[in-house]
């Protein structure tokens, strides 16, 4: 397996380079009979698309998903769902200057080392454009999870040094989408926008953190011991471009906590077992416990700068890369639907894998 | 796939419960002709074993690995390597009191929800005893990687609030193994031991952080886009009991850095391209770049306390769990060989997967 | 895994229904640096296409493969190769009469039972149109195998009761392609054509057998014990529509042979070990031995007849299906490139899987 | 994947050489709550064991399956089932004479070519001893299928040129087990025994055919397009030592049939759709249709003869192999439980894979 397939039962395989003909994918394993709301899928695509607000770069792509198979009369048929998104923006001459150049903290050097050849136009396969396919497939996974009453809610909780101090009590997607940086707190959101504007003027870039909450997942999802729920989520998140860290529940904070503080005490109300706290982040022993599944994902700052940088070319010679064009200062807000999509793919897969865990009585 | 297999080319499948007859596993895909140093494997097993020093619990297990197949005249034959470790300590009556009880932040409740039945003795399959099989298999992966000059070096960098401030310049495994808490800095090590002793006297427990460095990995390991090197490492680490977080290179710190600070500038010395800094942690675009691969793993505090806790039983009734027996205050030092083993399994797998990445010229 | 992926290292995933928008696929794991001869691929597509000669049905499809990713400047880049073939012939009203009908020995009933919904137009996913994607991917596998000097040669050895008595001494693809039924013996070919014409006039259909020879495969391909070379070939062949049997080497004849007749005696000439006979069909213990790999594939007669048949509909009511339209009397000649494509996929996969079988010295 | 795992949801991984310490395996994915009848499993083991009747070789092995994990209080827990069978008969000096020898139609040469090293004792991993693990796992699969009312019934239908002319109307396992050659027809059974005795006296060996019938499989099993039911069965059967052919339903006979003869006409009785004939062998479009699943498996004659044979050694020098010891003349009767076991593994896997094929209403 060469790495372009995700999942084992709800399985996505993708293809496509930034400046090739098209990107796309195949979803295999989606149950038959699921109603497909194509308008919802397109809304999800729009959420990821660059250029839809003033904080992101100006490149315009339509990102229209064309479905090629797997539906009939509005419902899935159980056969693989093929889809593609044409690339609009293929002016490949724009990239001749980086043909033999290794941009710092990009994948240019490593692709060359691994494959001996590289489609250098716009980053090729290493471009974040590839994540559009994840969002398309994740939207279908969300439709499947929605039938089982599950919801995925995520938002930006840090940009640069600006942090959202607390997860809001009421999780309303509108509060996220109404913020230009997808931060549900209005004050924090404004501070983040200011920081982005300031950093843009400096020709520099920013990273950040996304928090994700999966609500109403039933107890029982996750396959011990290697395919624990948190292990699958961690892989999913670290497979996203620019991600450098993942933590679930108490995460890195847990290292400094005592067991007596950290243990989530069980309680039972009206026959329903739950926990008083949720440092576990909804997972115990690799299996969901019915509480909210909460995790955080760290993104490094964008590697493409608007200022000059020193680097080397293929021959090892030192060169100077000029900062030019228009690029995103911070991609974290746009990564929110990508995090959600990967979370949806993980949960849909584990939901199907859990069928047959026990003999039906 | 029900989750008990790790890897696709160098593939480990494990079995076994804490208090069953035995635990064990099968390694499939190890190349033929590898000399097997069984003494080395047993040393690795000893590193994980409880009770080998004064800071850990008193339970004595021999953890003798019995190899059942796959070797002939001291070398691997390319056929699957079966192995097992007999369980010595099977006094199952010790566990009758937790038969119908859900211990806080353990896997009791979730296993019951998922499977409807549970081997409650010593945590059953959810026990960390399972990790002994990872260490055995990881030792063989290390032997394979050693043939290609790769090394894996890890140590405890935090226990409770005590942090190791800096990765030592010279990485020498002896400095780690000579510390009772596997921290290479003598002063920090002493502080950690003191904290453990103090916490033991309080009947409480501690978590911590392990740092791992993989040295001399060639450029080219990792399979974009979903099976990125860091994605496979993240999954591997989050599959270890009690792990709540993973970060590579700059990790969560990167969220607050600017691109101009974070970019690793390329340089070329005597024909060898490298980077001046290593915020990337040895990975760019999901593929190793030849620099040290550096990551950190966060462990929550041990859930079993030496003090009483409130919980519920299967029927939902509130009960009190008594803190008794002898248990580890902090398992992080013992988790060092487990982290190394999982890292070795990931790298061995990606090393074999990388064969055939390009047409040989 | 829902069944639309073939292979583990050279991996094909396909999608598409007969009368949907398009069919297509993704090849993942093709090594970088392979020159892609698109003209060759199109020739292979033409070989499978209906309507290219007087013995097959009149439906015209262009079957133009559109490649969407994975190549750059004429060579593979190691990234997934996405491709699609637009469906030209989508007059779905043609199929309203079979909407609620179960055609005998078709997949109508079983798809309804499994999925509860069915794209009935032209057989949907169960249509042999799906095999066009196999031929496209198989062509790329052939290019890869060609770099290692391997060849795949196959032909029709039986149609109805007309049998080709002997495999020709000299295997020349031209002898196959110059025959309208892809049988390299001129006399047998003429008899087969006559039988097809006669059967057409009767409104009936025919089955047949294809023989395949893989030449110059190196010793060592095949993964014992479950993924033996012959096991992978058997699966590949039985996954083709209408195939009812597979045999390798002596096949079913071996049941009536004695060991002293059947054993292939080893000999050594100029340092090269080979066997005097080849009842093994090029495979021993599941691994290729360097001799020709020879197997045979049995196809049942086409299920769609030009005469009326009794059947039932979804409600269980008896109905009469009218034989109408133009359909193939015998699809076996057109299945020759499909058999070759699947063989190429199997060998390419095992060729890549064999890398790393032993420690390089 | 190096080939020692079978199945994707009900998954068996095996290890072990003929004359190593032990053989064994891990079953992953068996649902929790299945009652394990260990006596039944041992009966299945006995059916495969050599030396249990006068027609097979004298080697005595106990083949006692030792279960190591996965059960608790008589039921499966959903965790992996580890098991092993100690090798009793490890007199490895018996095999020094074949250390550097390539026996005709054995796997000696191919293992050496692939791995560069070989455990030559008793055939090592290539020995049919490995199939004992399949029978153990298959017995558990049978218990699972039994809960869903499915049965697997198989018998010897040909040895040498002696054929059973017709499948008996009433399928009773007792008629099979009471025959020393596992042929349910008394007259044919006697003829087969005579042929075996005669062939033994000649120092020669025999092959044969096994027919298998799977009864009460529900409609809907099988995953199009590559993992069709018949494709998975074909792979399973061709993975058994000495198998050279597989056919389902009409099989190779279908090649000479006309469509009008071969089509299975649907009928509906009391709301249940079935077919009047069963040339399809219970499978249409790769999915079971609720009729009996019928297939046949061809075995080549045993390669080890009691008479001398010419061969070569590792250096290419011609040598003479002496026929000595006691070996089976015909292993086909003993292969009956192996065929059943592999069929059970296939059906159990597809049964679990079929869960989630459609949205539950």
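Which chain is which? They are A, B, C and D, in the order written, and residues in each are numbered from 1.
Keep in mind that, in the parts below, a residue touches a chain if its C-beta (ideal position, glycine included) is under 8 Å from a C-beta of that chain, and two chains touch if they have at least 3 such contacts.
Just so it is clear, the structure is predicted and the values come from calculations on it, not from any experiment.
In terms of C-beta pairs in contact, A-B outnumbers the other of A-C and A-B. In terms of the distance between Cα centroids, chain C is separated most widely from B.
With centres defined as mean CA coordinates, chain B is found 26 Å away from chain A.
For the pair chain A and chain C, the distance between C-alpha centroids works out to 39 Å.
Multi-chain contact residues of chain B (touching two or more other chains): 1-5, 8-9, 14, 29, 32-33, 78-79, 114-117, 125, 224, 357-358. Of all residues in chain A, those touching chain C in their complex are 1-5, 8-9, 11, 13-17, 20-26, 28-29, 32-33, 66-70, 72, 75-82, 84, 114-119, 124-125. Taken in their complex, chain A has these residues touching chain D: 8-9, 29, 31-34, 78-79, 147, 224, 352, 355-359, 361. Chain contact summary for the complex, chain B toward chain A: residues 1-6, 8, 14, 102, 104-107, 109-111, 113-117, 125-126, 130, 158-161, 199, 204-209, 219-220, 222-228, 230-239, 241, 243-252, 254-268, 271, 273, 275, 279-281, 283-290, 298-305, 307, 309-312, 316-318, 353-354, 357-358.
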